[in-house]
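Both of the next two complexes hold chain A, though its partner changes from chain B to chain C.
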Partner chain A sequence: MKKLFSIIIIGLVVIQGIFAITADEIIKKIEESENLSAIAEGRFEITDNLGTRVTTFKSYEAKNGDMMLEFTNPEERGQKILRLKNEIYLYFPDAVEVIHLQGDALKDRIVGSDFSYEDLRGGESLLDKYTATLDGEEVVDGEQCYKILLVEKKGAKDIIYPKQVIWVDKNLFAYRKGEFYSYSNRESSYTIVKNMAVLEIRQIKGKNIPFHIVMKDTMKTNSSTVFQLKDMKIDINIDPAIFSLEELTW
Partner chain B sequence: MVRKDLLFFFLMLLLISVPFAGAEMMTTVTISDYLILSRLVDDSYDPDDDNNMLGITNLLKTRLDIISTGNKNVKAQFQLDSIVVNHIDLLMEEYAGSLVLVDNNLMFNIPRAYVKVRFPGFRITLGKTRVSWGEGFMFNAGDVIFEGMSLDVDISQSVLRDETDILASTYIPLGRFSYIETVLMPFPGFREVMPGALVPEMQSISDVSAGGIIAGKVYGITCQAGYLYKGSPQSHRPFLAAHGHLLVDWYLAASCDIPCEDPDEEAVKEGFICSGGVYSMIGLEGDAGLNLRLETGLYPFGEWEEAEALPVKPYGIYIFPEIVYTPESNMSFQLRSLVSPVDLSGLLIAGMSWNMYQGFTIGFMATAMFGDENDSFGWDRDSDMAFVFTMEYIFGE
Partner chain C sequence: MKLYKIAFRNISRNKRRSILSGTAIAIAAMIITILISLYAGIGKDMKKNIYTVLTGHIRIRHNEYDVNEALNPLHLGIDNYKDVLERLENTDNVEAVNPRISFGTAFYGSPRLFLQDVKDWDRFITLLTSGNNPVFSFLKEKYLYVRERLARKGTQIPDIESIASNMDRMELGDVLYGINEVLERYVLYDPDRFAGISLSEETLAYTERDVPFEERILFNRLALQDAFPGLIIDNPRSGKLILGMGMGMDFQKDAGFMNLETKLESGGIPQSDREAREIILSSGLAKKLNASVGDRITISTKTKYMGMNGITVKVTGIVDLPVAMYNTRFFFLPLDTAQNLLKMDDSVIEILILLKDINKMNTTVSSIKNTLSSVGITNLDVRAWDTIGVYPAYILMLDIVGYYVALFFFLLGSTVIITTTIMVVYERMREIGTVAAMGMKGSQIVRLFFLESFFIGAIASIIGVLIGSGIVIPLGILGWDWSEGLESADFAMSSLLKPAWSLRNTIIIFVYSTAIASIASFFPARRAAKIQPVEALRAV
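Moving on to the complex of A and B:
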């Protein structure tokens, strides 16, 4: 009897070891579902002490990460962003001018939101820059989530947040929540600067897409950026000519 | 010829038709008000009278912008500016040739009115618009069409060079990042047939400007090579431009203005110009950022020694440094200058702008010139010192 009990215990441990998922695998699963061609319409709502400013856009994204984004609100209407692997082109219609961004310019914020051009830049995995560790499971908004710690790899370049903590829905493999840290006075300790909550995830053609994200700056009161998609079509054929200078300047 | 009653009828027709056509177009209205307190050194002001030394100008500019949206292969834009100002002469030089003066304080301008059509393999643009050749923010020797080296530019604006003209252009994509663009500019200007009424001035075929550009990317560097035959005055204008990144973004351009008649060596030398610049964005703590730009305009065969009187030829070098600090995403402080190192004179602008509410921006700016009477910039010019308060509101559907 004692022997049988030991075998069962050992068996359970082995089975758990076989089926335990790693942090790297979770990140890869999320990024797999993000790898899609899509046409989307949405809005940024930037709120500060004086009120809320809204920026609307239409975007086209190819599977390889290339993206064309056009602003549609009256203030920025006609301005476009063409994002490629390591570069970004901006188009300003009044000056009929194309501006080519590389290097540090990619860290600039998009129309004052909490998202940078670099956040838009595709083709890179979080695992290229961060070491991921599974830190247990927690319930977020009633959903069971994996809690993952991401700490920058030694020598990684162009890192905005040296540490991130993300909560990933265990069933949907989609972000539910995130915390973004910068270094405090000493390089070994961190201070939280931004937190993110995913308020709505929609399933389209079997993929789980965050439709409503709120990003808050913890250093400021009444400051937030809301990213909300109005419509999204995925896994459709997009003409590669969309991601060209000709389309940018059209 | 533009007559006041026709213009009024046209405007009314436009305003009435806009709401009914909303589904096929986007409409934006921008109202900008500039309150300018400036030191005036003008003949009409008595310098001995202290009350007359400071002038207040209020300029109200309303821009109606209509863009078609109904057809993905045809695009059209119509822009109409109305300008109300108490010192009308301030604008006459800037908008010469394109303004319609309605009365002593009201003017209209149509900066853009064009149709673009996309055919398989190429596209055509006809109307009043702009083509952007070369590289550079303040100095662009490659802009052989709109004179991208001119010092006669309002450096307080967010976009320094957005001149337009009546043209016909063809754009032929050769790949994702390479293309050929041709341009034909049939109307070099307008003439006033009666006060407030302008007509395009018809020219002979030799006065028509025409040219082309080929652009592409070589080892990550964006390169352009082009040529313009300038109809008035008649000259050949070849140019080269490049843009790349090495620690910072950099850009270079060079062009030559070669007269068609008797192009002697001296004339060719005088027409040779270069420009270059570097640009860097530095992220600071939080959302703050610092943008640094340094540009130079070079006239290698210009005057390199300070002249007794302002020289006929430009000085050899001009410099444009700019620092923009953005403590918040919707606020910026900027310091810009246009410096002539040869005669040690310049123009300095310090300002801030704050996008307070959706579409609403306020700004404040102080400008000052420094230099002597015979310098490129001097403390004896009209508006050599000015304070400007601006409010702008953009709305539309």
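Moving on to the complex of A and C:
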């Protein structure tokens, strides 16, 4: 009897192990959801020592990850950010040349918000750059979440944050919260530089899209940015020319 | 015989000795004259550079700007600056005012052709307009298309028929703008077009793949270099991050401050029109960029809101600034162009004021403060230039160092004069013994030697200060070029150093040198006079 009980227990553990989701699988599920073509309109509400101001934008995203964001508020009207794979290009209406952002310039803040240009870089899966570890489950804003630790892989290039901690909604497979770290003085220790809270996730055509995000740059006092989407259309055809540097400059 | 006559006779009798001791005194007086003038020149020059370029006699800023200056806080500006300006212009003792915005920027290391990148414009234009060459025929065809597209956007570039080698630089710059648009968008290379042209390995590597947009201009430059050797040069800006310091200013109000119009090496002052987007480059910065009048340059910077903004500006002038530190970094643009770039609306960072009478600086500062507070403007900091940041410390340090250097050279000069005079007295012991044996009193001997030294000292000092002045005065007019040594120096000293000669200093140096030479003779002569004639005669 005792033996049978032990077999059942071991069997349950093995079965749970077989069906338990791994951190890599969670990341893949999120990235699948992000793989879409979309046109969206939204706003950044930026609060800092200067007060609060709003910038609005329209963005286009292709399935391959290319993205073009155009600012539409009067102060920044016509400014465009183009992401092609892992590269960021800036177009300013008063400049005849497109500026290819490289090096430290990628750390600059997008229209003075708490998002930096490097936050926009894409092109690769998180799993190509980070080792993901499932660090248990926690409740975030009343929702059960997986807590995943991401630490940069040795030799990985163009790493923005060497360590990230993300909380992924267990049901929606979408971000609920994130903490982003940089190295502190010693390479083995980290300092939090940004934290992110996703306040609203909407489901569009079966995809879970974060519609309302608050990002805080912890290195700056009294600074936070609310990113809010007003409208989003997904799985629609977008003229590939929108993602062309050539078109950007005409 | 009177003592002074004997003294003169002794001087002329021992010509070689007199000339030697006189030469030592003259050299000391000359060096002191040159050094004192040099230091006075440096101090005067630095003061002028600081108040004409950086601070004015009085500077007005937002009262929190200085504390946050390292963060480039463009939001801490002077709002509605025109109102403030009007009140300042109506204040007593105010000679001139100039509103300014200073900001750091990076010049985009553009692969586009600049005017000086084309080494032979006559040949370039002949090739472009004649249509005989297949590569340039393609360039011409695309130029016409680009011209049409730009015109639709409201940008005009010259028609191909009007292109000529005698065009002015601004027009040529417009032609080059069109050519760059072609080189950026189209690939010149085609096996037929380049038939018979030997391509370099680097160019060949491009021909074997699909060249993306951002690399086309680099490919085209290489192909043109292969096909037309000597026509264009390698891109001198490629991969370089060139930093600059922008200064938005009202060029109409610049008189008395930097006087940029008088420092123009080529071209002219930019139009005060934000749509024109024009700038002046300092000559050192232009050299770093290989840019000249007519070129278009793209700059990027952080705005008031800490976001980025970029602008392409047209170079309308090159100025040669006296301070190497400014001449390798500064560029100037109209205030409204800077405001547009930095999203500054109607604000400026500072207003500089020049005074009619600098002695009334403190009362004018008080008067300005009262004027501003009477209309409710209380967030501005009004400061006299000698209370701003590190500048007064620089000047004070320079003055102190100047005094010590002068003292050092005075002492060094004195040592030379004293040693020479003492040696002369001791050399003449036998002579002292003789005149003493002949009945000359000790006091007379001392006076005789004193007079000899005084005459030699006076004549030598006059010669010394005259030679020193003869070197310093022309240098004060022509200047002494230190530009290479000062290029990386981080202080406001002009590259063309002009010593400041003054009559007062010259008289002081003359009197001092003469007095030292005279006094130096007194003690050994007194000692010599006390020695018994027999002992003195025994001396060598």
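Here are some notes:
Simple rule for what comes next: the second predicted complex is superposed on the first by the 228 of 250 C-alpha atoms of A that agree within 3 Å, B and C clash if a C-alpha of one lies under 4 Å from a C-alpha of the other, contacts with A are read in each partner's own complex, and residues count from 1 in each chain.
To be clear about the criterion, a contact is a pair of C-beta atoms (placed from the backbone, for glycine too) under 8 Å apart; a residue touches a chain by one contact, two chains touch by 3 or more.
On a predicted model such as this, the values are computed, not experimentally measured, just so you know.
In the superposition on chain A, A:75 makes contact with both chain B and chain C. Of the two partner chains placed by superposition, chain B and chain C are both touched by A:50.
Once the two complexes are overlaid on the shared chain, A:100 sits against chain B and chain C alike.
Between chain B and chain C, B touches the greater number of residues of chain A. By the document's definition of touching, of the two partners only chain B reaches A:217; chain C does not. With both structures placed on the common chain, the touch criterion links A:90 to chain C but leaves chain B unconnected. Applying the stated contact rule after C-alpha superposition, one finds that A:243 touches chain B and leaves chain C untouched. According to the touch criterion, the shared surface of chain A, contacted by chain B in one complex and chain C in the other, consists of residues 46, 48, 50, 53, 75, 92, 94-98, 100, 105, 108-109, 112-113, 244-246, 249-250. By the touch criterion stated above, chain B contacts chain A in their complex at residues 26, 28, 67, 75, 116, 118, 123, 129-132, 159, 161-162, 171, 173, 175-179, 222, 243, 245, 247-249, 279-283, 286-287, 289, 328-330, 355-359, 394-397. Contact residues of chain A toward chain C in the complex are 46, 48-50, 53, 75-76, 79, 90, 92, 94-100, 105, 108-113, 244-246, 249-250. Those residues of chain A that touch chain B in the complex are listed here as 46, 48, 50-54, 72, 74-75, 77-78, 92, 94-98, 100-105, 107-109, 112-114, 160, 193, 217, 219, 240-241, 243-246, 249-250.
On the side of chain C, the complex with chain A involves touching residues 75, 106, 108, 110, 112, 149, 177, 181, 184-185, 212-214, 277, 296, 298, 300, 302-312, 340-341, 343.
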